[in-house]
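You will see two complexes here that share subunit A, one where it goes with subunit B and one where it goes with subunit C.
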Partner chain A sequence: MARVVVIGAGVAGLVAAIRLADAGARVALLNKGTGGLQLSQGTLDILGYAPERVERPLDALAGFAAANPGHPYANLDAELVGRAADYLCELVGPALLVGDPAVNLQLPTAVGAIRPTALAAPSMTAGACVDGANFVIVGLRQLKDFYPDLVAKNLARTDLPGGGRLSARHVMLDLPARAGEVDSFGLTYARALDDPAYRRRFAQAIKAVVGQGESVGLPAVLGVDDHGAWAELSELIGAPVFEIPLPPPSVPGLRLNRALTARAKASGVRLVPGSKVTGFRSSGGSVDSVQLATAGGDRTFAADAFVLATGGFEAGALSADSYHNLHESVFDLPLRRPEGHLVHGDYWGDPQPLFAVGVETDHTMLARHPGGDPVYDNLYAAGGILAGATRWQEKSGEGIAVASAVLAADSILAAASTATTQGAAS
Partner chain B sequence: MNAAEGLDFAQTEVARASLDHCVKCTICETHCPVSAVTPKFTGPKFVGPQAERFRHGESVDHSLDYCSSCGACTLACPQGVKIAELNSQARAVMKADHMPLRDQLISQTTLMGMAMTPVAPLANAALSIKPLRNVVERVLGIHRDAPMPKANTQTITGWLKKRKKPTVKATRGTLIFFHGCAGGYFEVETSKKSIEVLEHLGYEVLVPKQGCCGLAQQSNGLFDGATQKVLKLCDELRASGRDLTIISSSGSCTGMLKHEAHEIMGVDDSRLADVGTRIRDIMEFLLELYDADELPTDFKPVPLTAVYHAPCQLKSQGMGQPAMEILGLIPGVEAIESGATCCGIAGTYGLKKEKYEIAQAVGKPLFDKVKDVNPSFAMCDTETCRWQIRKGSGAEVEHPIFLVHQAYGLS
Partner chain C sequence: MKTLSADVVVVGGGSTGAGVVRDVAMRGYSAILVDRADLGQGTTGRYHGLLHSGGRYVISDPHSATECAEENAIVTRIQSDAVERTGGYFVATPVDDPAWGDDWAKGATETKVPFEEVSVADLLKAEPRINPRISRAFKVEDGSVDGWQLVWGAANSAKQYGAQILTYHRVTGITRDGDRVAQVICTDEKTGEEVRITTNFVLNCAAAWGGQIAAMADCPDVQVVPGAGIMIAMNHRITNSVINRLTYPADGDILVPVHTVCVIGTTDQKADDPDQLKIDWDEVQQMMDCGELLIPGFRKARAIHAWAGARPLVKDSRVGSGDTRHMSRGMSIIDHSDRDGLKGLLTIAGGKLTTYRLMAEKVVDAMCAQLDDPRPCRTATEQVPGSESGKNYVITHRLEEREHDRTDDQILCECELMSRGMFTRALQDQPKGSFDDLRRQLRLGMGPCQGGFCTMRATGVALETEHIDIERATGLLRLFLKNRWIGIWPILYGDQVRQTALDNWIFQGTLDVEHLPGPTHEEVV
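Take a look at the complex of A and B:
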């Protein structure tokens, strides 16, 4: 039985850990804090801009990878990406993620822009921005992360990606989540909406302002533990309802993160949250162990293989000092660095070269020297640490993360089974 | 170094240095068990890294007092901000000139045990007299329904003196056992079973005379007393051996020695650093043995399905939930993780008149889960949490070492 240490509990780390544990590996998942999935929109992006808006992401991948050599998608083909997206759907279930990875949805954002994404929560899909759609966007006076007039007016003035226009108007309601609280964050509403009694009151107030033929756009706070809360609201209101993701704390991201974390525990993954990996030992070209700085001092985690899924600059996995010396925080891995200056002054211009910095891998996701050989024979990388992607501009983050996690896990399992066969033969 | 210097050191060197790492992602807010149930506490980010910028020798946001110091925020922070520590320090400053008598009294845990043990039946009876508890609530501000420990007629020291010596020969070396005040006076059975399991594994177990770790005083902002206590304890534990591993079955006291005394009060003393890195929670120790293939797993089946709750102050040590791993090795045991961040009591927080209802609301999903899974038995590693869960659920709640003890055929 292979022992694997996965570092980082974002979507890449969680997916890799679950896949490995389900295949029989003994997996420890080490993470210094809650992963980035909780801050996500609760959707799965594969490719949204290449750089033009993408309608069919899997079809676009091969051309995109060819035009962007060194992009993580060069190692992750459309078949794998589609399979990985389906795998994530299977892990979290249809109550949290639906859609066809081959086709992008066009969904409204909290500023009324239209964002392409491949998979979304079922509570969001009625918000698809198609010609002739008729929306009423409802805000809550006590929830100050969502301005319905901004959303409605921006949506109504936009030429839709598929052509045509939609109509949208806005309503602001006075509906406190808790008595006496004038400023509630999204999760407070989501918790309140888990309660059927509050849900009924909430639905009544909304029903009173919905017109004939309108779909109701609401901030994404429609229940957190009760994944059917939005559907019941829709029934009570008597109109289609859709959630629009908010700035953090993102309730749809939280739902996904909780579901995947629970799934990891159910698969027998040993979760060790709250401590940082601060060192490692290697010998003979392999990583032997990592050091975890727990409250009582360093603890050693030895394993046969390691998955580095620590994220990018935003997660502290990569850093750059004022001289633009670059550093990977756990293994001090060699990083791929674009030619020339890492940062340019044109804020609205091309992507900053800095964001393409990251770890390069071979086709099995083994971390390698840029353009060269693997650094260690058992250290794999997945997700935001990978070089070559500007994930938030391309809308490619989760697609890269999930596909690279699946590939890294499958490579580890394949290597372990080869080792077992060879062991048996000798 | 006195407590004021310690606090200054902790604030400037440990906690405040982490402040600028806050990116306002609100992850901590989503993990806070207190702000989830009451609007009286605005949450760790607002009270912590945000309010800290407005503090200059005084605390401007008094909702800070409603923080229970469970540490869930610091544990969840992906940027390494010491949120709970900042809040504990600011609260100590805020309360410094008007420390309630109540908070000074309830943090004297050793005193309580010493006073109650000789008159245990009487003390237990007194604590169950409603009118008396009403008076205590009015005069002292300790809630009439707050969970209280049950005094034992025998302390751990008393048991050690009278018991038969272990039959298994010590072949694996010597350990020091730290039982904590509650494990010395109230939860004596946990200490006994821990010692017996360690001896069964082949260790010689030394139990030095030991005082309190000062955790209750620390969490009430009484840093002077807490600092003296924790350093005295370090001396006592070190007197038994300078290189021996120290084992404890008191989850929260272990956390005080491992990191809280240093990170919250700024105790920057080599004796604490020594003890804090030599100490292991007993389940953590067993898991380390297992990982090294040194734990006998000849466990007898124990047919039991029950909730296991990892206390907040155990989780905040950043080692995961070792008890879940060990319980998983015992045939027949199905331990269901509580999924609760905190049971609500948070040391002495849930005893206080003005916080009792909040503590009960924090604990309610946990109590419900215990009632649902197995209403007669549940497991938890820390004493005050067990009192809270016993009171809230009606179940017998014991340290997970009870099951290990039973599975090794020791009970």
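Take a look at the complex of A and C:
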């Protein structure tokens, strides 16, 4: 039975860990912080812009990879990405992710832009921006990260991706999450809305402002533990309800994080939270173990294979020092560095080369020297650490993450079974 | 077209112009100040924030040293809300000659710059992050000053005396009537309307842009050389006092604590165009090396923003035209009646922010002399609006204010503790203001996250107040992100890369701001 250490508990690390554990591997998941899902929208993006808006992401992948040979999708074909998306849906269930990975939804953002994504929470899909849609966007006076008139007015003046227009108006409600609190976070509302009594009061206030035939757009705070909170609200209000994701911490992202973490535990993954990897040992071209600094002294985790799923610059997994030397934080892996300057001055211009920096892999997700051989024969990389993607611009983050995690896990399992077979043969 | 008239038109809304319009108004003249942009949007807002004790100039420019020492005390009193009395030190780093300190101390005594030599142990007690290999330290009365607060304080004082302040009014021409100035012609940049101001006297305080203004009145060849310097704001107060290197003035020799940050500066490069200042990676590296000398580990601290300012240096035939570091920092008044035969126009250049009030006094004295209308200056004794209490700024001011209103108001910018009320009041005063105009008053987006969380909130609140429509709100959001980036990308390394990745995730990833409906025109002001 293979022993695997997965480093990082974003969507890539969690998916890899679960897949490996379910296949019989002994898996330890080491994570330093909360994981990247709290930054996500709670959606699964595959490809939103290439750079034009993408309607059918799986169909677009082959052409996109051909045009961007250094992109992670060059190792992750459409069949794999579709399968990985389905796998994530299975893991979290239809209460948290729905949709067809082959077709993008076009959902409103908290500034009223229309954002393409492949899979979304069922609590979001009534916000699909299609011709003739009729929205009332409702804000909460005490929640400063959502301005319903900004959303409604921008949506209403947009020519929709599929043609036509929608209509949207806005209402601001004075509806505190906690009595006397004027400055509440999204998570405060989400916790309040887990409580059925608060939910009823909330629904009542909203029902009073909803017109005939309108769908109600709300900030994505409709419960965090109770995945059915939004559906009950919709029933109480008597109109379709949809959530619009907010800047982090993201409540829909947190729901996915909690669901996947629970699933990992159930699969027997050993979770070691709050653990920063401080060193590693290698011999004969393989990584043998990683170390954690803990209060009682160093702890060593030895394994047959390692998955590096620590994220990108936003997670501290990659860094650039004041001389623009680039660094990968756990294994000091060689990074692919674009030619020329790493940053340019045009905010609205081309993607910044710096953010395409990352770890290059072979077609099995083994981390390799840029353009060369694997660095170690058992160190795999998945997710935001991979070179070549500007995930936030392409809207490709989760698609890359889950597909690379599935591929890395399957490569580890295949290598383990080959080793077993060879062992048996000799 | 709109027509106005005033005894005096002041061109330029930096510290010089604001000081001059205040002085003119307090002497009883009707006055209008015009600036092509916001107050303090040029050099005044793009410097390191040092209110000089005079110590910097005791050897190189003794006269300036004495003026600085005197004006430091006056500005600290009359504009108390803009000044933090941080105190400062001159320190000999391991590469500086400690014996030079004796010359410096002699100079300081002669120029009446207050100082006291302190032990390195006492220095390290006060500023524990400083290089322990420092060999000598002198304590001085440096302070830090918010240039925008200073300018607005003077402008508001002028308004109380009846002056008009017209921001975003670009001067396009100055007409003459024989040998006298007749009219200043402006364009209102927000509306496109032409504004003609009939006047007797024009005080050209456009500093680095002064040559361009003088040329409009057919007074050619006024040579104001922009001496460009870069500054970098470091996250947090690395020190709480101003740290100066005990050397002859050089690049990268000052670290100034201003509000929530510390600013290192500066360089000095001749620039051709004050509107096109670059921040070279080499200059950033130079500042980092200088910082490392003062504060070991400086390179690992987080740089959050960089900017460049253009000193308005008057060309001096004694110094090579490329050597802006050693051109005079002193003030020059060019009287165009002698030089070009045009009465009613003075061009002012040079000088420094610390002595802005004194410069204004001399300029207005020169105007009164030309008009043969002597009137006494009163600016040194009267406090500006907002400074009546005489209480100086302290770093914890906003924290104290938020402690009082946190149960009644939201905090839109956590980095700078800016409340919703502060934002809506500033917007009420400047309904046509861009977010950068409001930033200069409120420090919106100036903290570690550089607008990551407050920009969307500012947009939403501005739209809610109904001062602006959706198209402008969206345009201002786009403009603010673009403008913040100008100061981020030149210093993008270390932890600010991580912050930028998070900010990009928010704006591009979550909000998809790039795909908001396109503007019919891009907001520029």
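Simple rule for what comes next: the second predicted complex is superposed on the first by the 426 of 426 C-alpha atoms of A that agree within 3 Å, B and C clash if a C-alpha of one lies under 4 Å from a C-alpha of the other, contacts with A are read in each partner's own complex, and residues count from 1 in each chain.
Everything below uses one rule, namely that a residue touches a chain if its C-beta (ideal position, glycine included) is under 8 Å from a C-beta of that chain, and two chains touch if they have at least 3 such contacts.
Bear in mind the structure is a predicted one, so any value in this text is a computation, not a measurement.
With subunit A as the common reference for superposition, the partners subunit B and subunit C occupy compatible, non-clashing space.
By the touch criterion stated above, A:V272 is placed in contact with subunit B alone, subunit C being left untouched.
In the superposition on chain A, A:L187 makes contact with subunit B only, while subunit C stays out of contact range. By the touch criterion defined above, A:N68 lies against neither subunit B nor subunit C after alignment on the C-alpha atoms of chain A. Taking subunit B and subunit C in turn and counting the residues of subunit A each one touches, the greater count comes from C.
Contact with neither subunit B nor subunit C is seen for A:T125 once the two complexes are overlaid on the shared chain. Touch criterion met: A:A320 reaches subunit C, while subunit B stays clear of it.
Applying the stated contact rule after C-alpha superposition, one finds that A:P248 touches each of subunit B and subunit C.
Shared-chain residue A:T34: touches subunit B; no touch with subunit C. By the document's definition of touching, of the two partners only subunit B reaches A:G296; subunit C does not. Residue contacts after overlaying the shared chain place A:L354 against subunit C, while subunit B stays out of touching range. After superposing the two complexes on chain A, the closest approach between C-alpha atoms of subunit B and subunit C comes to 5 Å.
Under the contact criterion defined above, the residues of subunit A that touch both subunit B in one complex and subunit C in the other are 39, 180, 248, 314-316. Against subunit B, the residues of subunit A that register as touching in their complex are 31-36, 38-39, 178, 180-181, 185, 187, 191, 248-249, 254, 265, 270-276, 292-297, 299, 314-316. If you check the complex, the residues on subunit C that touch subunit A are 285, 288, 299-300, 303, 406-412, 420, 452-453, 456-457, 459-461, 463-464, 470-471, 473-474, 477-478, 481-482, 484-486, 489-490, 492-494, 497-498, 500-502, 504-506, 508-517. Interface residues of subunit B facing subunit A in the complex, by the touch rule stated above, are 23, 25-27, 29-31, 36, 39, 43, 74-80, 254-255, 258-259, 276-277, 279-280, 288, 315-321, 325, 337.
For subunit A in complex with subunit C, the touching residues are 39, 41, 49, 53, 109-115, 142, 144-147, 149-150, 153-154, 157-159, 172, 180, 182-183, 245-248, 250, 312-316, 319-324, 342-345, 347-348, 352, 354-355, 391-393, 395, 397.
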